[in-house]
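Read through the structures below before going on.
Next, two complexes with subunit A in common: one pairs it with subunit B, the other with subunit C.
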Partner chain A sequence: MENLGPAVTKLLEELNPFAVLGKGAAPGVELAKNAVVLTNYSFFLIVAVALTAIFFLIASRRMTLVPKGIGNIGEWGVEFVRNNIVLDVMGSEGVKYLPFIVTVFFAVLFNDFLGLIPGMKPGTGTLGTTFAWGIMVFVVYNWVGIKKHGLWKYLKSFLPAGTPLVLAPFIYLLEVISHVLRPFTLGVRLYANMYAGHIVLGIFGIFVVMAAAALGPVTAVVAGLSLAMQIVMYAFEVFVAFIQAYVFAILTAVYMNGAIHAGEH
Partner chain B sequence: MDKIIPLTSELLVSLVSFAVLFVVMWKFALPPITKMLDERADKIKDSLEKAEETRVEAERLLNEYKEQLAEARLESSRVIEQGRKVAETMKDEIVAKANEERESILARAREEIQGEKRVALAELQASVADLSVAVAGRIIGSTLSASDHAALIEKYVAEVGSLNEN
Partner chain C sequence: MGGSLSVLGAGLAFGLGAIGPGIGVGFVAGKAIEGMARQPEMANKIQTTMFIGMALAEAIALLGFVLAFVLQAAK
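Presenting the complex of A and B:
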């Protein structure tokens, strides 16, 4: 067991992005922040996004009054987001933002799921993606708020009605900070869940391999238990993948709803 | 700290990918799906409303039919009763008529028999007269004159006629 440390280090290194296209395209090569490359995460992100688009394009061409097959699955997905996220959080007013929220939900979901296939990575397993989408949500919901109320009124709405004048600057600053933090919390939450999930699966994988290689009655039991744990954790990761997509989409809806109803509370 | 600064190319790739996916979903994939969801919701609502209407209508018809059935039952028993009465009347009439006819046939037959009997008796009278004259002639061995004949016949006929009256 003396090589557990190096194995874990190797696992962590393997989770770092590397370029598959562009300068320095090889596993393990550290990338400059501004390098013009396509990373392995970006590659699988494009695959997942393409699969999402293809799936929904096919589903949307298979619409029948009595739902069946792939059309039924696509419909069920859209209906789930519409009823359980958009209508629940935003009410009927939110229906016009359905395309955005559906895209957010399924982009995250397909990426999370793709990363669970051995040998592939989740596009959402890198901060580049999760921060970008967090910032995008931030821009979109603020834009919705400004468009609805006008810039001045929207900015004013950050200050709750009836705040004592003395406290106003302090409260306002807090509100602004809480808004500015949103894209980062969105990004980090998703990234950390994917990252941690893959580490857990990787660690149990290492246990299985190392314990099995040690060839002993005790290590055989350890290997078996680790394998069982890995299967359980894999199922759990499928659940996490769904939950994270749900959380990302529902927070997007909550932020948008807040922007639409800015100044009403 | 370095770890939490994202790669610029990853940011760009994910933003562009999302934008493309969003346009595809918004313009091409979602409209048919949401249209179908709405259509189905409308259709189900319509169907439920129609089903309710049909149910009410069916109930109304059922009551109507029940009433009609009860009426028909009443009517049919009335018709049967009437039929029975008519049949009975007809039976009585037929029986009466048959009796009448029988009587008239019998009467006619009786009359005919009487007539025939009368004719037969008349014929018999004549034969008996002739025969009696012939027999008497032979017994007394002489022939009577024509005037004797006539007197004898008249006397005999008068006797037979008195017999016939009984």
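Presenting the complex of A and C:
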């Protein structure tokens, strides 16, 4: 087990967000200043987003009352988001925003699942991507609120009705901070789950390979247990990938609902 | 061991910061299961609310996670 350290370092280099596509880990690669390159993650981000678009283009090509094949799967997915996220959280008036939430849900889902295929990376495994998506959700839900109430009334609605005048500045500041923290937590939650999950899978993979290479009766048992654990963790990561997409979409819906009903609580 | 105190601090920031949210998420899940067992017809609504509550509790752990990165970068 003396070379565990280098193996873990190699794993972290493999998952380095700045590793350029086709050139391996970052340290050896010299980049010109302001160079525009594809990293491993951004390549798979583009692939996953393209897959999402292609999937729904095919699914909506021939729309019939009773859909068949891919169209059926697509409709099932959209209905899942409508019934379990939009209708549950926002009610029937939220159906207007269904396209945005469906897009967010499936973009995250396809990215998460693509990263689970060995050799591929999740586009959502870097903070840059997920934080950008968090900011996008932040902009959209505030825009929805401003459009619905007008800028002045929306800004005023952050303050709960009946707040004593002395407390008003502090409460307003707290509300603004809680709004500003939303894109951070959205982005970091998704990124941390994806990145940490891949490190766990990688660590168990290292255990399996190292214990099996040691060729002893005890290490054989360790290798077997690690392999079993890795399979369990893989199943768990599939579950986590789905749950994170679900949570991302449901929080988008919750924030939008809050913006639509601003000032009513 | 080439680590410094800031690395130790980063580990502690996340580790200690995850205790509270861990307990909180456990409470949320446990109470949601209680509610679902008592009223199975409300299971869908409870599940949705459970995930929202979990996400909010989790956000506190994420602050520790970010702080860990900040501390590591500050060494």
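The definition used in the following text is that the second predicted complex is superposed on the first by the 240 of 265 C-alpha atoms of A that agree within 3 Å, B and C clash if a C-alpha of one lies under 4 Å from a C-alpha of the other, contacts with A are read in each partner's own complex, and residues count from 1 in each chain.
Assume a contact is a pair of C-beta atoms (placed from the backbone, for glycine too) under 8 Å apart; a residue touches a chain by one contact, two chains touch by 3 or more.
Values in this document were obtained by computation on a predicted structure and should not be read as measured data.
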- Query: In the superposed arrangement, does A:Asn72 touch subunit B (first), subunit C (second), both or neither?
  - Reply: neither
- Message: A:Thr163 in the overlay: touching subunit B, subunit C, both, or neither? Say first, second, both or neither.
- Response: neither
- So, A:Pro99: does it touch subunit B (first), subunit C (second), both, or neither? first
- Classify the contacts of A:Leu181 with the two partner chains as first (subunit B alone), second (subunit C alone), both, or neither. second
- Task: May I ask you to name which of subunit B and subunit C touches more residues of subunit A?
- Result: B
- For A:Thr219, select first, second, both or neither according to whether it touches subunit B, subunit C, the two together, or no partner. neither
- Message: Applying the document's definition of touch, where does A:Asn84 land relative to subunit B and subunit C: first, second, both, or neither?
- Response: second
- Message: Looking at A:Ala192, would you say it contacts subunit B, subunit C, both, or neither? Reply first, second, both or neither.
- Response: second
- Query: Where on subunit A do subunit B and subunit C both make contact?
  - Reply: 188
- Message: If we count contacts the way the header does, which residues on subunit B are in touch with subunit A in the complex?
- Response: 3-15, 17-18, 20-22, 24-26, 28-37, 39-40, 43
- Provide the residue numbers of subunit A that touch subunit B in the complex, in ascending order. 17, 22, 31, 33-39, 41-42, 45-46, 49, 52-53, 56-57, 59-61, 63-65, 67, 74-75, 78-79, 82, 98-100, 102-103, 106-107, 123, 126-129, 131-133, 136, 188
- Item | Parts of subunit A lying in touch with subunit C, wherever the complex brings them together | 84-85, 88-89, 181, 184-185, 188-189, 192, 243, 246-247, 250-251, 254
- Which of the residues in subunit C come into contact with subunit A in the complex? 44-45, 48, 51-52, 54-55, 58-59, 62, 65-66
